[in-house]
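Quick heads-up: structures coming right below.
Same chain, two partners: chain A is paired with chain B first, then with chain C.
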Partner chain A sequence: MNPNKYIPTLVAFTLLMTHFSMSLAFGDEFSLEESRLILSQVDNLVSYEGKDFSGEYTITDIRPGEGTSRTKMTMFRRDSVVSYTIIIMEPQSDKGKGYLRQGDKLWLYDPIPRRFTVISARDRFQNSNARNTDFTKSTLAEDYRIVGHSTGQLGAYKTDIYDLEAITDDVSFPKMKIWIDQDKLVRKFEDYSLSGRHMRTTAIPKYTRLQESYVPVQIVIQDEVRGRELNGKFEHQRTVISVEKASFMDIPDMVFTQAYIERVSR
Partner chain B sequence: MLSLYSHGRSLTISIIALVLLLCSGFSLYSQDNGQISMDDLFNQPASDARSDEQPSADVSPDTDPQRKESVDLNALTTSPLQFTGTVSAGIGIGAGLIEWPGSAAGDGKSFSDLMRYSGFYLTTATLGIDARPEPYLRFYSSLSISLDAENMNFSGSDIGEIFVDYTFKDTVFVRAGKQSLTWGHGRLLGNPANLVYRVSEGVAVRTTLPLGPGTLNGVVYSKGAWVNNPYANIDPRTFAYAGQWESGLGPMAFSLSGHFKMKDDVEEDMGSAFSLSFGIGPFDLAADLVGHWGMANPAWKPVELEALGQIFWENDNRSWSLLSEYMFDSSVADGLGHYASMGLKTPKFLGTGWQPTLLWKHAFQDNSGELITGISGSLAPGLNLAMGIPLVYGTPGSYYREILSSSLLSGDSIIDKEEGVIPVDNVISLLFSVTLSFSF
Partner chain C sequence: MTALISTALRNFFRNIKRYRVLLMALVLITAVLTIVLAVVLGMRTALYEKASRYFAGNIVVMAYNGNGASRIEKPEEVLQSIRQLDPLGVAVRCFSRRSTYYDLNNIELFFSGYYVKQRRIVGVEWDLESPVLSKFDFIEGSVPDAGDEEAVLISSATANQLHIAVGDKLLVSILSDLGHINTADLIVRGIFSESSFFGYQTYIHRYTLNRLREAPVERVNEMGVYLVNPISDEERVAELLTREMGKFLPVFVIMKSREQYTAQASKLRDEREYGVVSISAQLKEIEDLMGAITLIASVVILMFLGIVVVGVSNTFTMIVWERSREVGTLRALGMQRPRVIFSFLIEALFLGMSGVSLGMLLGIGVLEIVRSAVSFPPNVVSTLFFTQARLPWVLPVWGVFLISGLVAGASILGSLQASLRAGRLSPAEALRRGK
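Moving on, here comes the complex of A and B:
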């Protein structure tokens, strides 16, 4: 028996296993179906199909060297029809403004001329670092596919880190990197432009469990492009979103209409 | 003893939780010692209420009373009587040339002869009353008092709006009284699809209700000039009737609207408009097509046709904005009623709060137009300074030499505001204004 004749077989087997383990480790071989499976698990925990969601949001926009502004708003969301209504409560200058999203369309109501205007869902929300799309249900599985995978520690969390690439044009950012904890909750994500420029980082340090779903109740969004150098250090613009009174109570259909926004507008 | 021990332990945990919460909260806003890294936000172990196995430091899934609270829908539609107000006060000065020296219109006059100085004082106080005694019922009124600069006196007042809202079975919304309403997309060159632009001049009853996959608006209104001219106030012909159905298809929003007034004072009995808006990439596009018909004209021959196209773009940082419009008006002879406009908002000047803006309008019928460059910013909280240079071009008597420049010194972006403060019909001017504005 000549053991040498097994060497090519062993080498081939070793190479195959190495490739397989590398694929698992770095995720460059995720099929679209595998991507969907993983990302839909993530989506499902923070999507509220069949339920109405409501909550009071406080959005604090921190602009280094320029000051801090605060917006308070009431949010009503119905994921089954991709709809939301947002009523601005503070500041006084924006009080009475409202947003109505129905499917792909988004209207902004301005109470001064009493006019609804169609705006882009991808726009920044109230000039903060949040996007209008940030208030809809999570659709990672529909919009992205996994092109890379690794693991890492994010503070106290052991996380899976996925590199994502958009499979549709209807997204604010064509590339993303997301950190998923062991409970399949997104803890952090980074948004990238097509050229690979790091545009935005979002951290979600805190969730609240509501029935079988999870509501992010503390979100920090950092603009990686905008900011100012203070005391020799570059400080980024940041938006901190906190959510109170999160609930799945039933909401009347009328809340998701233009008439309701006019009705509650101050 | 056990109870006391438990109580003491709970207290200790509560204090620790409170300290952690406060530290966490402060760290989010921390700027004094530089920003903390985003990753450092996760240094504290599981502080959220996400599983029973990892109990939260500050809330727990089953006992947190906060999570049992929910948005009070009634609180949004009911409130005790509220008073609100806005006060604006300002002064403005300007200097400009009536005609260009050396031009034919200048008629050989010297520079100083052609120079004109102007100014204004402005003080307006607006008071609002808002009462929402029941979720389905609301009363609102706003009253404005302005300085009469000619007599230096506050004489007279103007009721901006006074209306009652009634919502029937959470479905049909009715607003009755003096009110404002805007349809259509136009911002820079007028708004031809705003068929209801005269609603604010009189009183109206407006109804909004869901209809099919859209929303139906119905308006019946009249104004003082129509009463007894020629019909009595109880004659249905004294009133104008308007309707709009708004819906969407995919990312497109569209509306169909119509307006009818027998013996209309603008000699058009019937108007109709089709409006469309949608987004393509970073652009928001909108279009309005408007037709007006007279009862004496055959249906196929409108008195007037107007079309407006609009494109809006904003860069990712929202530091640059561009709004451009094109309009066609068939009422101008020989099909020459073409207009174009562009409003540009640039980044704030050298990182300061000063915002440069540019507005250009052009009438192709006589190649007249206006170009306004301006810069505005805040001097102190509530106090704004604006500076502008409006330049009007075209021969004397041309379209833009006859209308007044507007939207210059309102203290806000020329893209955002349409109300002007100083009327300008000079060929070129230099204008300054300082305004104080606040709400309470």
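Moving on, here comes the complex of A and C:
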């Protein structure tokens, strides 16, 4: 092994980190490489490459003045091939519906006509404030670049606050603001429209550590444009997602197929 | 001839008591005819007005290259072609230059926490289409000023769902052409009542819509021509405009049905080609419905006219019988048979024309009273066929002539047999019968 061959890489990395530190210190703009470096650290903690993930999700949709609905579902996720399978367990009216994602393709299975329909990843999930993209692995580093940075206190957490701008057209929101704690975990993010309108806020108060990764076990999504004024106070529509029985146990390949969804939906 | 007419006129007034019942029947028939024809034409005109506003004009120019979406890349050439219509004798009301956005899932309007989805949002130039947009059934507000890029016009159904009023700030959200969620805060300048048939579309400035779409601000998707006489001119103008555009641009055949329209939109082409579609092609189903209504109305009218013919025939048979002595005297004094026949026919014509005149006055009076006094509640029929919740009616000159011809014709036809019989009477027989 020749240690000299690593010297150029080490120098490049040191220069990059120095430049990055200077940028943070003096508020310079971030280069694409710097953005990728920071955001990939964030992505890596909540992406489960090389292992399968499963969990039971409860989605509570709170619509002020209209009522609350609850959806229970089982999620199977394989980040290495950007796939997931979701089977709806509750409510009874939606029981048996399934979502299958394979790369860029996403289908919704309806057990009544027994038909798969192609849907958009940007669509709302079960008419809640969550979107279909929210259940796939985190790809901040691929989709966004950092265009601004500050620091701030978010409850008990000291956070770095990054302003992000989309670099691909595959994302729902072209602008974001994220709050990252000292453990590099996203604690909050705000989604903005292209014109800068604040559309959605997501808070992740609880993570659970599983092997070397983190699983967000409570997510609160607040719609900034939907809601009702009740008793003189504006109440936003909210969606609370709780995750239980999170596991990294291997999942058979056939779970990520249409045949599986059809079978379990019977 | 003048003597014959004056004799017939004198006889008509002399026998007016005999004609009274028949005259009343003719007046009523004419009034019904007038009302039916004027309302059917009025509803058709109102429908064309609404449809043309929805589709960008009575004749709309599209340009396709095969991806299904229309984009006018050479609006100046299209405009030049439209301007050629005037010297060709076409009465053009105004023209449109629109950007259109259609999306089943991604057009959302928000106000104060309330939200509603729309299928279509249209970018217009307020000043260009003002003559047409001002005919909206505005519940509140009006057409925005020419350069008002913050303005939005919404339907009353949308306003009710959003609990929004004129002057409030509306948030419009769409998915841009590049796939980004984009929003704009716009001010509601007008709320109009519109039929659900046209899908409650929202109108904003063309530049604003293009900015929301992340498209070049000057982009035009379709251009339209609003005609002064759409029903009669449409077909001719479609041909003229296609011919004029053909001088500058590659054109395809006139789209005469929705099937042709869909086929042309998806047909693959080497370069973008231009074509026109008319409102009647877009409104095939409604045209069929209107055709059915017109057919039923025509059958009813023909039945009425049949009754008129029988009534006039019976009355004239009686009149000729009662006036046999008078006919005999005139014949004895040397009046020829044809003059006797014409004398009765002219009397029947006077009867018919009197019925037409009074009946039209009655019909128009009833229509005008209903139009000005009755405001119909919004429903499927009233929003689609009525104007500003009022019964629309139109009675063109040809309609007046048609009704006059039908009623006077029925009157003459009814009197024909009795008149011929009067003409066949010999003076001796007539004088004997009259004793």
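One rule holds for everything that comes next: the second predicted complex is superposed on the first by the 238 of 266 C-alpha atoms of A that agree within 3 Å, B and C clash if a C-alpha of one lies under 4 Å from a C-alpha of the other, contacts with A are read in each partner's own complex, and residues count from 1 in each chain.
Heads up, the rule we're going with is that a residue touches a chain if its C-beta (ideal position, glycine included) is under 8 Å from a C-beta of that chain, and two chains touch if they have at least 3 such contacts.
Quick caveat: nothing in here was measured; it's all calculated off a predicted structure.
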Once the two structures are overlaid on chain A, check if chain B and chain C clash or fit side by side. clash
Quick one: is A:F173 in contact with chain B, with chain C, with both, or with neither? Answer first, second, both or neither. second
First, second, both or neither for A:K188, with chain B first and chain C second: first
Dominant contact partner of chain A by residue count, chain C or chain B: B
Let me test your reading of the model: by the given contact rule, A:R209 touches which partner, first (chain B), second (chain C), both or neither? first
Answer with first, second, both or neither: which of chain B and chain C does A:R197 touch in the superposed model? second
Could you say whether A:E229 touches chain B, chain C, both of them, or neither, answering first, second, both or neither? second
Figure out whether A:V82 sits in contact with chain B (first) or chain C (second), or with both, or with neither. neither
Would you sort A:V147 into first (chain B), second (chain C), both or neither based on which partner it touches? neither
Clash-bearing segment of chain B relative to chain C, given 309-317, 327-335 or 399-407: 309-317
Could you give the residue numbers on chain A that contact chain B in one complex and chain C in the other? 64, 120, 123, 199, 225-226, 228, 236
Chain C-touching residues of chain A, taken from the complex the two chains share: 64, 120, 122-123, 166, 169-174, 193-195, 197, 199, 225-229, 234, 236-237
The chain C residues in contact with chain A across the complex are 105-106, 110, 112-115, 171, 173, 175-176, 178-185, 214
The chain A residues in contact with chain B across the complex are 54-56, 60, 62, 64, 68, 74, 76, 87, 92-93, 102-105, 107, 113-115, 117-121, 123-124, 127, 154-157, 183, 185, 187-188, 199, 201, 203, 205-210, 214, 217-218, 220, 222, 225-226, 228, 230-231, 233, 235-236, 238, 240, 244-247, 249, 251-255, 257-260, 262-264, 266
Which stretch or stretches of chain B touch chain A in the complex? 24, 28-29, 31, 34-35, 38-51, 59, 61, 64, 66-67, 69-71, 73, 76-77, 84, 130, 138, 165, 167, 170-171, 173, 175, 179-183, 185, 208-210, 215, 246, 248, 250-253, 277-279, 282, 284, 286, 314, 316-318, 351, 439
